[in-house]
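In the two complexes that follow, chain A is the common piece, with chain B as its partner first and chain C second.
Moving on to the complex of A and B:
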């Protein structure tokens, strides 16, 4: 008789049962990476040492990691809040760009206000832009049952082409020597550094505050209760009188807004202007971050930090000993796959036959 | 037709179940069920939802292991808990929900799983020839090269049957095969089945459609509450008798003293939906109105309508003297309708929410949130109160509700509903799957609500339950509602006639 497996649900997993598999997943992804580093001709211990040093080895390295984690916290939160309500937002990339575009539209001289007014205004308008970008697929889903996985994913490409058009046309910097980039933000529109002399801007603080706020919304507010109910069992939620459609639309606004804040933070805090490559896929990596965090808002902060550290560290390691920095992508991919397996193992027990 | 069937099915037993018992926790799904199927015979397995038909078939097919009892096919015992054993012994099953791959062709679907991965070569031509031969022999017309995704439901079912025949099945088990078919397709299916019997196959036909059972079977086995309650030769029974056997009928009148009927709290006039036809219903204060009927005759549609999950195509609805402006679950709750849904796992509760969250699911906007913030302290206190008042046995208000037994889950739902002092109570199958203690508890609570002046609609497929509790009884059949019958006015057999569709003025 062939070997057959059966998954048996576990009624109430213990804390150890819930924490061990994810931890093993991380360890296993390191083992996979070590094998690949060997194949690429590097000593795995040296490779990991250099990755660690590149991510945390100096004040500069640590700040670089935190800067890299900032947009990932925003997109990770955007994805986790949507996924928790079973709204499959794959379009954080487009919403991120929507926030960035809105920031340069208003922040490059169209209006000038004191920073105390200018910065909140830009944040709010950027968030609204991102919210609207996700509202369209959400309406198509609730009205006509159009699958939002498809619409949000495809909208990423449309929006990136739209950004490209803007940067070659209406938003093109006249002083940019022909490069497709926007003009620089006026000084009033720049997010200041948290501590003078340290290269870390207030966008990072805003990301942490957003994570905390989302955690509070989840547990303490009516909206959070409704979002969880709709996500876990939409039919029971509808039967109980929860306005399911409204909750999905509110979730879409929140999710799109969070991703757009990432774009705002990246432009106003770090880059100062918009280029087409301002996001190396932050919207997509946000999905990885959210999954690694098991969709928990506070977990997103840790997961974003972990992902950013691997990317920053791998870049540095690659410069030092020439093992390709693609190792970072493989580590993330294997961590994610193993994590999905790990989640299964926290809920089920594998039995033979 | 009966004469034509007489004499068939006298061959050797091909399938024999002996003393099958299966328990899930406190609930016994099958209790000491024994029967045998003879060569060339069609037996019908008749029973309501939850009577234990599916569990029995899952035991036969190795999905479950029986706690007691054995299964024999062609005189040899089947290894318990092994899905292949039945297939290898020549027993094939056609599931209610098809197990076909839409993007593969008919022949690929049929061949799928007949070979081990280690055998590489397969001759499509030989396979297709065999399928064509079977097609012709059993009148199962279907093109082996067609994609399954492009087939009609009736054609897909033929593929399922061919799949079983291709594996040389000599016993076919059909689980509610006509549920998805048009009348013409049903006729075609029955022609195929008669052909199969003539060629020596044997069939177990699972259904709750009485006329089909009368039409196709030689013998009828009736399951109720997991027990085999009756066995009849089809030619010697009637639809009415079967209906009564299926739903019970030992009880004659309610246990509670009669009360004068109060004003109508909910009235429906000339309601039409896609499942209900010209339906009039009044629910009066201080009365339990029972809705009897064989499942799938419009109970779900009526329940959805009253609970706010759907709106009628036409007709009038009055709730406590008012015509609702718009109709939704929230409107139903706001107008004083307490709802106990049919499926407490899928509709009534959110499995991974704790007791508190489930307890306030319907009432949080009014009672447990202020300006957008949840008042968890109050919610906990409320839940503690429900747990105590309604005797919910649980680890505490913070336990996830899926850890509770069905009875305790139902008590929490009951508490959630009754604590709001609803004027109207919709109780759809409120005791299905509960143990006897929980059944009595739920019934006494519903009776107490009636005495407090609520109008209760009790929907049940168990006629005993209906007769035990109801002041008035309606029978629903094919979306039509019978007149109201008073306490003890009708015997179970008379109600059985209405359930079988007799007595209605207009046909549908």
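Moving on to the complex of A and C:
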């Protein structure tokens, strides 16, 4: 049996055992962070206390965490659906921007419809844009056998330069005082808040709905079954009559679309316009989110919430005592590595036992 | 004609060789890993770590070559981490590689902020200066391009020769190549595939870090957060373009660097006035993708690349 099979996250064991790897990884990443905080001259308990307070300490902090989790749910879902089918999409960053760009192109005055029509239309076009961006590397993979990791990574750089061109050229806000940013969306294109007075927009709800929808696709539909089969063993899937190429392309469309919805939600829900730095690496962080979630769509929601809390908390901690906020990035990178290791080690126990 | 003027200027070729140098180091590093059967996607982050480690050591008082040594060791440390996860544990090389890149990058940025908390612009060091090779430097065009460079550039070219020699002319190289082609045959000879692959990843990662250090210690004299800027990913494309052979990969790196040097110069010409500068900056990445597509039909990939080896399993 190929070694890779042991890494398959869909395990038979009990829920407790399945949750062991993420728990271990998170605990271990806290230990790493504690050591690093000590090096920087911070008391680890104070650091973690401040991170916790910064993420959950007030209504404002909690809403900030939920707002930060929203794009991460989308990119996390995008990565998890792709990785399940062993389509290594590292380009969620580019697809996220594709959705954001599309939202701004149509939403700043080119189209004026009532919000009931405008918002779904923008969501669909944004998702299409992201899907197309991932379709190119996916086609290069299925047609020419070009490794999609490298092409999706390279596309991130290409697309960010494209965004930079758009923001200094065609999409530049004439009222922006020379700043490279887009014009603001028209009111009809703005996602409203879920509850008046609370800074949380419908993008968050859309993220939850997407997670649920992906879970249904994954568990209840033929496509979900096919995607998992292709991910587990493409040769066997082909032998069983599954159209592998088609499944990979469908996966790519779904994955790119989800990441792009994140860009749409961020622009239409939170920011209202597009800037070059609208994503501080949401696409890359989506990989960590997806892995911590064991590639499970519902797990992605929890993982995104956790990751967002670390980021928001670390920002506020850093402002308070000066331990660099990059501590959050290190925690998450080490959690990712420890996670894949923990998955393997718990699987080993299963085998021997 | 603008273009001809550029192509026949010594400055252009000198720039080409300079731009190629970090790519050569990192491409050789990646090539060594992949020939042994391990795709090392940690390359981008390891280059960032190497760029920082070399520079900060020199800033702290080490001699330049001491800084190169620190960069090498830093890269090897991350390589050790990568290899433990990817070789004996056989974890997904994609996930481990991306994880190492994220880990190395964030650790570097964290360390930067801890060491230099209050600076707005990073301090400068006295970087490597060009050293002329007597007589050879006087050859027109080629002289200034090849023989008026910094010592690290000469080291990059030596590394290609050394890599080629070790891979093709020594038993060690044979073992490395076999580990990437047919690990079970290596194992049948009583050699440890695990040890060979781990060694290759550790050494290869060290060279990647030196490639990063070239940026802060030879090309520039300071460290910036985004200075590696995807060069690692480009080197992965260069390995494919070079069909996993050191000489061809070197050629690819030089060709690629020539395009890069050309696009910088074209930005200043009439074309640059019409075409947005972002298009020029995109070219290296687009070229890399094209190279991958063009070379994809050739079946020269090490047969066991990305296939974990587990003794006793078939």
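We adopt the following convention: the second predicted complex is superposed on the first by the 329 of 353 C-alpha atoms of A that agree within 3 Å, B and C clash if a C-alpha of one lies under 4 Å from a C-alpha of the other, contacts with A are read in each partner's own complex, and residues count from 1 in each chain.
By our rule, contacts are C-beta pairs under 8 Å (C-beta built on N, C-alpha and C of every residue); 3 or more make two chains touch, one makes a residue touch a chain.
All values derive from a computational prediction rather than experimental measurement.
Enquirer: Putting chain B and chain C onto chain A via the overlay, clash or fit?
Expert: Result for chain B and chain C: clash.
Enquirer: On the A-aligned overlay, A:140 touches which partner chain: chain B = first, chain C = second, or both, or neither?
Expert: Second partner only.
Enquirer: Once chain A of both complexes is superposed, is A:52 in touch with chain B (first), chain C (second), both, or neither?
Expert: neither
Enquirer: Would you check which partner chain A:238 touches, where first means chain B only, second means chain C only, and both and neither mean what they say?
Expert: first
Enquirer: Touch test for A:30: chain B only (first), chain C only (second), both, or neither?
Expert: Neither partner.
Enquirer: For A:220, using the defined touch cut-off, is the partner it touches chain B, chain C, both, or neither? Pick first, second, both or neither.
Expert: first
Enquirer: Counting touched residues of chain A, say whether chain B or chain C comes out ahead.
Expert: Per-residue touch count on chain A favours C.
Enquirer: Of the listed stretches 183-191, 201-209 or 255-263, mark the one in chain C with C-alpha atoms clashing against chain B.
Expert: Looking at 183-191, 201-209 or 255-263, the stretch of chain C that collides with chain B is 183-191.
Enquirer: Which parts of chain A are touched by chain B and by chain C alike?
Expert: 1
Enquirer: Inside the complex, what are the residues of chain C that reach chain A?
Expert: 41, 81, 85, 89-92, 94-96, 98-100, 102-103, 105-107, 109-110, 113-114, 117, 229-230, 233-234, 236-237, 240, 276, 278-279, 281-282, 285-286, 288-289, 292-293, 296-297, 308, 310, 313
Enquirer: Quick check: in the complex, which residue numbers of chain A touch chain B?
Expert: 1, 11-12, 220-225, 228-229, 232-233, 235-243, 353
Enquirer: Can you list the chain A residues touching chain C in their complex?
Expert: So the residues of chain A touching chain C come out as 1, 3-4, 7, 36, 39-40, 88, 90, 140, 144-147, 149-151, 153-155, 157-158, 161-162, 164-165, 168-169, 284, 287-288, 291, 322, 324, 326-327, 329-330, 332-334, 336-337, 340-341, 344.
Enquirer: Note which residues of chain B are touching chain A in the complex, please.
Expert: Residues in contact with chain A: 81-82, 84, 307-309, 328-330, 332-333, 339, 341, 346-353, 357, 361-362, 364-365, 369, 372-374, 376, 400, 402-403.
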